[in-house]
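Take a look at the structure below.
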């Protein structure tokens, strides 16, 4: 019992503490490719640490919902971190709280809460960003749900841990439906974490989608929302790695859990390299073309579902 | 929408970026490589008829000088860029310093020079300095230009919207003393960066010192 | 072929003459009623995406821009220039707009030249051409950099910024000031260090330019965005619509005829066309600069009373000055700034596009608010 | 016991004629008794009683504060409730049909009296009556085969088909969505009437289908058709809900969306892949009915607290309690986890994809496509709810107190608690993994055959974990120092606000081919208006035809009328004899 408890702690703390690092590494690499020395890879930590010490200025239209919902969004991401194989390959304490589809619903819950509490600030820019985030959610959410089901239809269960084992068998890994699902999930990961070609964190307000949701925040709630964003990127990226892209090489046992953080780090460098190439080679898509981008991901995931059913019918 | 347009993720910009390599200079550890002389400290002697009275009883006051060269050759530029003054620091911004520029009446020169500190040569991000597009996320307000009637209300709203602790930085002679065109900014600055427009080296060094680095 | 340029004080200026009276106005058809759900979305004055403080009211019922009004008067400055000597006047004119300061001063000096006798020689005029062309290179690079920034196109954005800083340093080294402040005076041009060469810029910009117009997503953001084909347009906006308008071949004050260069035009009249025209102009300006030898010497000039109008091709179009001098003092002065015309062209071309097209169209006109929000007192 | 409840309802109708408040209070009490009655029944039908009882309870209490419409609203309101009670507890076809009519007529009367309606609206309600004709025909046929009026097991499935299509029209499923959407939106019926009209009337229709389904033999083809229609109608009604600009119209569309979900769950039962999946599908139907009806009542109450109908021009009163309640209701309607809406969506998608896995043939592509379309519909539903809640509670408005707000906040919390109690709805799918910290009885599992677990969820633990972790984060990071300033709007005072029309406009522009959006000089049209034009055109044709018919034959002579009745009677008997 003690070992399960320790593994849970390692996974939860691992997700919370390590996630900003990857965004820092990616920004550093992007700066280097853009012929700049670039900020330190621990910049996200410095930003969060400074924001925690700053005051919070709130618009007169907002109530305490605007101030305290970021705490709930942050804790939703912590709940998700217990449920999917992001560090430790075996189910840990409280994993059966929710299965893969439930995880997708929790991601949608976090997105829903983020939009609603941002709307309370009453600023037109936030409304502009929320309108776009809400309008794309129909394809974003549905692709997330269908991709999470893609592997379930092969393995016969919606439990991510069993899918993690199945993906390691080369015969399933190289099957066409698995590849289609991986591509669809990667495109979704680009959209959910605001990477190019879908969105970039420039200064122009009229192009904002996710940035608009944190536009009116400051101080502690802003720190938590940014941290939540880093955790979301880490959680989705780790599921992409462990269940779809690179499922091999995970260790077991309490010591194994420590090593897993290191192994995940190496896997993540691979994922960050692909994201780097895409981020530096592409410009931002026109707003309505983002919908075509997501539609392709959605169609890919549905074809992978159909293939997995018809292929070994 | 042909799927091909974003399908071919050819890597040529990625490769071009790597081929170009990192161009950031070692400043402030090394001396500035190339400065326009007429944006640095002046010194010399003799009285001259200075349109903004930057030179009276033979001492050069950087807060009023618009570098009109009327005092040349009695007074000439020395190339020294440390002409800024930092009256208030806060070292919680040492590693993460978000600045919000606000133009209350510039000719465009200060905006251009401030933008260039994010260029590869200077690269403000290596010191943890970033631009932001809302005062809510900002730690410092960089005021540029003379105080114009129309921008009084936005300036006060920006100041009020910023969470404490915050710094006020006056960039350029217009914001400090109004130069020859008008009066300086209503809000008293904590950091002043003279120049018309100030050199990116001066701006960068001033921001580094303002955010509490032991320079 | 005569073309209308714009309203210069109480005159209506044409390419070869000028009349008293007001020019026909570029009317922006007013969409009177506001349908259900439409509202005014205010963007600016102080915003991260806007380079200067300008108030923009967009009438929309969601993403679609129905009508747009640009209010440049938030940072309107009163310039106390009347009854000042010509030398002092130059100090003020330099600081109206830093990006086009050389074009403003030289257009002012060309107006002064109309009412004075001087033994100005071709070296000084060539130096003035050198200043204007260097300013054009820097400004066109800046416009392209802003377009790349709107598209979040990381690598070309910073390579262009690197190039802009190099051009600034070369100007600073050659003239002593990065924005030509204190360089021009009625009698002479101050040079800091004549030995500066511009060879590296062309090679560097060529590689960036060729690849930037290959990237399909970037082109897709520019094509069909802000189409304006209006014979009253000026500068790159006119040339992108195929009009062969350029003050460099119409005005006689600066000896552009001695240099071999061509006016680059395009036909799509949209933001992409303006990008192509500005990039080609950079190459042409570099060719002009390579044909100039930097030599400067003083010349005598006697300014007598009278009125004069000078016009020069600034990076965003024709920039003209009307000056009235009375015993050495500037009694009346008026400015026709290219941005005031470009703002009207922009407002007309922005309708029927969507919100995310705004930054690209706005930057492609190269509008500077500081030269529009100006009143001489 | 049930007649005692009818009596109480009839008593409250008379009482409400003299004194509204007492009438409503009495109907509230009888609804509680009805809920108790439902609990005693215990089988699947019992759940339906509990749901409708709760809805009547909440809407009656709400009406006490809300009803300022004059003497006629309360009696009609309670008669409609009586009709539903009769239909739900009917044992014979005739009793069911009687209850059905007592339910619909007063509801339409409320709408008619509330505001002078132009003629097509009434005619569309006439279309609604088409459902009664179909149900009537279905019952006649059932009677001929089982020759008893009682609901008994049937050996042919034809009555099921006819009755199902009849009930589908009443539920406003896709081709007939105007019959459902129109009376609420266009008639601008009072909020409490729209609540029962939308929440429980469609519930009775679903009850009808389930009742007939359990009695007749299973026919998988109808199941696949229903699944397809359900998925299709979820997508379109959720899309129209997102772009609709009418406060109550948006909710009416989202009712159709939920009915579509219930219909696809019924479809999963009818295809009967395995016994366990069919049982699971039954529980899904009940959970969805629970989630939808109660949350929809709460949302209609919100639409009752605001002044005005157009979302972009509402005057709203908002306070913190109202916002939290509103957010809970909206998150349940858009299928998000801790509350019951999330459990319902989870279970529906699980059942669909389990069926796809079990069939493992080309047939399973239907349930995959339906599942994916439902997922997309959920995306639109959450977008529609975000828009609804933002513009009625959150975005801008004067803060203030109002009793009406407290009621729907209570419903919001009820929804949250129901989410954690949803274990009761999945009685034989309960499980536990004590070794991983979740004791027995706290996990709902979906399995396609006994022992083969497909997925699991434990809503109570999700709620507890989110609450615990939120308090933990609050403890670690502490409360922020807050300073009030006005909203940052580029430095100037904010003037016009982002309207609701603009909020949904990028979908109108993006899906312009689907919605056939046209941007005219001064307006932007989408196809819901065009769909309305088509139905309006049919109505005009029908009206002119019936007027011509009336002038020539209905010359108000009694003899002619008798002839018509005889002819009609002969026709029906022939029909009965042939089939």
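Read from first to last, the chains carry the letters A, B, C and D; within each, the first residue is number 1.
By our rule, a contact is a pair of C-beta atoms (placed from the backbone, for glycine too) under 8 Å apart; a residue touches a chain by one contact, two chains touch by 3 or more.
Not measured: the values here are computed from a predicted model.
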| item | value |
| --- | --- |
| Set of chains adjacent to chain C and to chain D | A, B |
| Most centrally placed chain, judged by C-alpha centres | A |
| Label of the chain whose CA centroid is most distant from the centroid of chain B | D |
| Two chains sharing the most C-beta contacts | A-D |
| Chain centre separation in whole Å, for chain D relative to chain B (CA means) | 61 |
| Centre-to-centre distance between chain B and chain A (centres being mean Cα positions), rounded to whole Å | 37 |
| Distance between chain centroids, defined by C-alpha means - chain A, chain D (Å) | 34 |
| For chain A paired with chain C, centre-to-centre distance based on mean C-alpha positions, whole Å | 45 |
| Shared-contact residues (touching 2 or more other chains) in chain A | 33-36, 55-57, 124, 128, 131, 197, 203-205, 216, 219, 280, 282, 285, 287-289 |
| Shared interface positions of chain D, touching two or more other chains | 483, 485-486, 488-492, 494, 497-498, 502-506, 509 |
| Contacts with two or more other chains, residues of chain C listed in rising order | 41-43, 45-49, 62-63, 153-155, 158-159, 162, 215, 217, 220, 354 |
| Overall pattern in which the protein chains touch one another (line/ring/star/complete/other) | complete |
| Footprint of chain A on chain D - complex, ascending | 238, 320, 323-324, 327, 330-331, 334-338, 342, 345-346, 349-350, 353, 356-357, 359-362, 364-365, 368-369, 371-372, 375-380, 382-383, 386-387, 389-390, 394-396, 399, 433, 435-438, 443, 446, 452-458, 461-462, 465-466, 468-470, 472-474, 477-478, 480-489, 494, 497-498, 502-507, 509-510 |
| Residue numbers on chain D that touch chain B, as the complex places them | 483, 485-486, 488, 490-492 |
| In the complex, chain B residues that touch chain D | 102, 134-136, 151, 153-155, 157-158, 160-161, 163-164 |
| Contact set on chain C toward chain A in their complex | 41-43, 47-49, 62-63, 148-155, 157-159, 162, 215, 217-218, 220-221, 354-359 |
| Residues of chain A defined as touching chain B within the complex | 31-40, 43, 46-47, 49-51, 53-57, 197, 203-205, 215-219, 222, 276-278, 280-282, 285, 289, 292-293, 296 |
